[in-house]
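Questions regarding the structure given below will be posed in turn.
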Amino acid sequence: MNRSDLHALGERELQKQSEARCRLLCCGSTPCLSSGGTAVQEVFKGFLKENRDLKAEVAVVSTGCMGPCSRGPLVTVQQPGEEDVIYERVTSELAQEIFKKHVTDEATDRVETHILPNDIPFFTKQKKVVLANSGLIDPERLEDYVAHGGYLALGHALREMTPEEVCNEIINSGLRGRGGGGYPSGLKWNLVRRAKADKKYVIANGDEGDPGAYMDRTLMESDPHRVLEGMAIAGYAVGAEQGFIYVRGEYPIAAKRLEKAIRMAERRGLLGSRVMDTAFNFRIDIRIGAGAFVCGEETALMASIMGKRGQPVPRPPYPPSSGLWGYPTLINNVETFGSIAPIIDNGAEWFAGIGTAKSKGTKIFALAGQVENTGLIEVPMGLSLREIVFDIGGGVPDGRTFKAAQTGGPSGGCIPADYLDTPVDYESLRELGSIMGSGGLVVMDDTTSMPNVAKYFMEFCMDESCGKCVPCRVGTVQLYRILDRITAGTATRNDLTIMEELCTMMRETSLCGLGQSAPNPLLSTLRYFREEYEALINDDLHATNGRFTLATPSTRSAKEVL
Amino acid sequence: MSVVTLTLNDELISANSDQSLLEVIREHDIYIPTLCHMEGLSERGGCRMCLVEVQGSRTLQAACVTEVAEGMVVTTHSERLRKYRRMTLELIFAERNHVCAVCVMNGHCELQAVAAIEGMDHVRFDYLHPDLPMDISHERFGLDHNRCILCTRCVRVCDEVEGAHTKDVLGRGINCRIINDLNQPWGSSQSCTSCGKCVEVCPTGALFRKGATVAEMVKRHDFLSWITSGREKNEWDYAGQAPYYATERRKE
Amino acid sequence: MARNDKIRLATVWLGGCSGCHMSFLDLDERLIDLAEQADLVYSPIADVKVFPDNVDVTLVEGAVANIDHLELAEQVRARSKIVVSFGDCAVTGNVTSLRNRLDVDDLLNRVYQEGPGRVPAGSEPDGIVPALLRRVVPLHQVIKVDAYIPGCPPDPERIWAAVSALLAGEPVRLEEDMRYFG
Amino acid sequence: MIKSKSKRASAAIEHPSGDPRFKLVDRTLKRFQYQQDALIEVLHTAQEVFGFLEDDLLIYVARQLKLPLSWVYGVATFYHFFSLKPQGEHTCTVCMGTACYVKQAAEIVAMLQAEFGVEPGQTTPDGKLSVATARCLGSCGLAPVLVIDNDVLGRETPVSTLETLRARLAGINGHKKAPALETVEDMEEEIL
């Protein structure tokens, strides 16, 4: 398929879509499906089965994520000449009413209360670049992606740009790694491009392990072709002919959709040999993770792709010089790849115009926890935390007050209310002792105990430590035990001192990012909520020694270490 | 291969560009502790004992896995590094049951020696006291997980030098353990050649010859350079094998 | 040195084999030097029932294994200026702590019920035999410790190096070859 | 594909048991041309087909890929997904992601422990119920979330979970863990 074929394919699809009198878009993402979305789709499809004549004019489309997951199942109704209408909390009964109203034009007053106005801050404060298609297209149909401008960027890059120009475009866009580190993507691409080797690889990191984060899953499920296109452009730019997508084992739907997308793209000549009738070949294979958080670390991820224990190896050498099987390898997060096509389509300047001086473009966050609107959002970099939590998120429910926002998962930290006006970008978050991370943003209200939160994350890191280096393997266990004592009220002041010392030590001596950042949630809660720790410290030696006697109940948690 | 110039503890020195920092440090007679490193095996970088400060580097670097580079400025001993080395040792001692007094390697153990050298005189962390088994099913050797520090020298020597790959590591994190074949009794392993290399390279009392009692187990690490230089260069390296003249031996 | 200016020295025996005290006695003639500078105000080798007040230096042998040890350790800390962990059991838990892999009840059953000399059952504390702690811990886990003398036992040279520093009012800094555990 | 280290036409060694399920494992082996780096993919299939990775299965995979046994065992125990023990008839996986955690998912785990005496990672002695925890199921909007026999349930409470489980264990509301796959053909369909 060349560019004019692609164009024709898109046109045909658009034509077909515009012929429909009514398009019923049903969110087919995991949260909506598990809250009753499957039944809703069945209702619509049932109607169409009964009224076969409607089939030509009414389309029921299972799309990707629409955003406000806590209001699911969501349905968007598209009618020519009219604005899209979004319905929230759709039940089977309501689905019937919706069908009546929009398709059979029967009067009903029962649907009005379920309309989600599209001028609420939840939508207006967002800027969808990576998620532009999410919720609007059928992720299982290549045509739908093409109709929305898909694969044009790949065609443009292959025909009009040299690999060097592509890399420069990415450098000029200011795009930084969306997996958490924030390393300038273009520079990384250039390193791989300049590396001399017979083979090179491109890897998309979809091993989204942070608890409370599901940006990557949603992107892979809602718009798989966008990731593939980004990878193919990267392959062309760096000179790789083979790509891998490493998908977290917990995401079977994402893997299935990607697999289907790859097959369809190959059939159409958008991947595989002679991509879009050029000399460029690019194959993509999927690798399924098997449940190891550490595999989000690039060297561990590569070990896993090579069929080994997912243990990191010391860097340097960095993957751009020596990665998979020793060949130069480009690893980017799937969200990073998701940003590539828009940059090529609209130009580096356009992308650089979004965001702040050092953090360009948009970032997807998974908004969760004690907040009114939980769901998936995409915002320009530099939006304040307050706008995200209160305007988009709708604030803290049940009359509670905001206490902290946790970003960056087990490698990040908690940001207290005092810093709500901080712009959310890489540097500001780092200054506050947290990180951007992959985009999990969990809101906590005043009922949350911070030492408990720290303990929760430490337990996570302890379970996920690969065991290769001493500071992480044993340090996480020791920190967990101290936190366990603190939360049980049997810790001494000395414990607190040792704990802080150990945190600093692990940060500086651990082999990989997991161990180096494992103390972050602890240190950040200690920084902002020290009084909560102090309040739990017991200064009575005799009382704390009581933990060694048999009479006192065990301070060991249910999940005893060893 | 080219020659590079670097600063090591305030002294300007030169080194071959393919050398590791650890090699260069040791060549210059600077003591720096190591536990997972072993001449003749691949590097692992897991024990974190040989961490050094490299100017301009965000994190500390493990000397064993860092290549020298032109203009590098390296510090091998500082208050911070000494403190971290002691803390790492504390963590290792707390992890399993390293009771030197009743260990076969007492007096010959690398871990024990490094602790004394680094001045780690007590452990501030909780001793975890895991309930770990001992495998004495092999006819000649024993494996005591209580003394194991997971340096994986045994795994590497079995794979890289003997070529049997009988040993590997089970599980992850704190639950890691050295295994033979399918986590089965060592004596029932089909792949083990009973060559004993793993025993000789083990830095602690985790692998030992049967029959040795407290403080009786002495290991020789020099055989590795003997084998590897013999195999690779047809030169057998007598370094460290003294006394080898019959006259001297008679004097002993 | 006036008689009442002598340093008040104590040695304490917790959960250990008394080997450290034996090694202490192996100071031999140096004991005479020691006696000139210090009064032994409490020790398993001196007949004193209660740990006295105002002790300058206390050497503690053994790990903390039962509630009596715990109580005595707290007393020692409250009444001593300098507390020294004396020997591997006090410093690391050592052999005494080998029982930590077992549950206390299992341990008591194994030793007193299943063993050759059977003891009547009844795990209730009787007020005579002190109850075991859940885990044997080194001294510094229950009280603040000022100096450590490792070794099982520490040889007399080590002990002398530490004690003479303490008598001179200096911090204990053992040479590398005197720092070995075991 | 990459690095065809051990390309072998059809040197496949059959498992002596003649269990037809090994054919499905063979299919994955072939798909990856018996390359050693496909170990994790092969283990995925093996676990899907057999339910868990018993020793014989690991030996079979090791032999086919010409890998040392300890290597295969090390990989199988490194990843949480692989289970070396059989699972219960019903499974209940509680999400312990951050969002679920702040919405008291731990209370559900505590309830399971109190009611059924099993901790995460364990199966009841009668083999009826396995309890597990997950890191994040990516359904944070529905927190707390759990999965009972492949059904995702959102906004759970200890009470609602207990009700569902009791019903499942009593066989009411009927379907078992996975739709029981009786024949190899069924499984093939499921896997492909």
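Lettered A, B, C and D in written order, each chain numbered from 1.
Going forward, contacts are C-beta pairs under 8 Å (C-beta built on N, C-alpha and C of every residue); 3 or more make two chains touch, one makes a residue touch a chain.
The shown structure was predicted, so the numbers you read here are calculated from the model rather than taken from an experiment.
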Comparison of A-D and B-C (more C-beta pairs in contact): A-D
Gap in Å, rounded to a whole number, between the CA centres of chain C and chain B: 34
Geometric centre distance via CA averages, chain D-chain A, whole Å: 24
Computed distance of Cα centres, chain D from chain B, in Å: 37
Whole-Å gap separating chain A and chain C, where each centre is the average of the chain's CA atoms: 57
Residues of chain C engaged with two or more neighbouring chains: 135, 137, 141
Set of chain B residues in contact with two or more other chains: 124, 126, 129-131, 169, 171-172
Residues within chain D bordering two or more other chains: 74, 78
Chain-to-chain touches, reported pairwise for every pair that qualifies: A-B, A-C, A-D, B-C, B-D
List of chain C residues in touch with chain A within their complex: 64, 67, 70, 74, 77, 104, 131-135, 137, 141-144
Chain B partner contacts - residues on chain C that touch it in the complex: 85, 88, 91-95, 97-98, 100-102, 135, 137-138, 140-141, 145, 148, 150, 152, 174, 176-177, 179-182
Interfacial residue positions of chain B with respect to chain D in the complex: 159, 164-172, 179-183, 191
Touching residues (chain side chain B, partner chain A) in the complex: 44-48, 51, 59-60, 62, 65-67, 80, 83-84, 87-88, 91-92, 94-95, 124-126, 128-131, 149-150, 169, 171-176
Residues of chain D defined as touching chain B within the complex: 55, 58-59, 68-74, 77-78
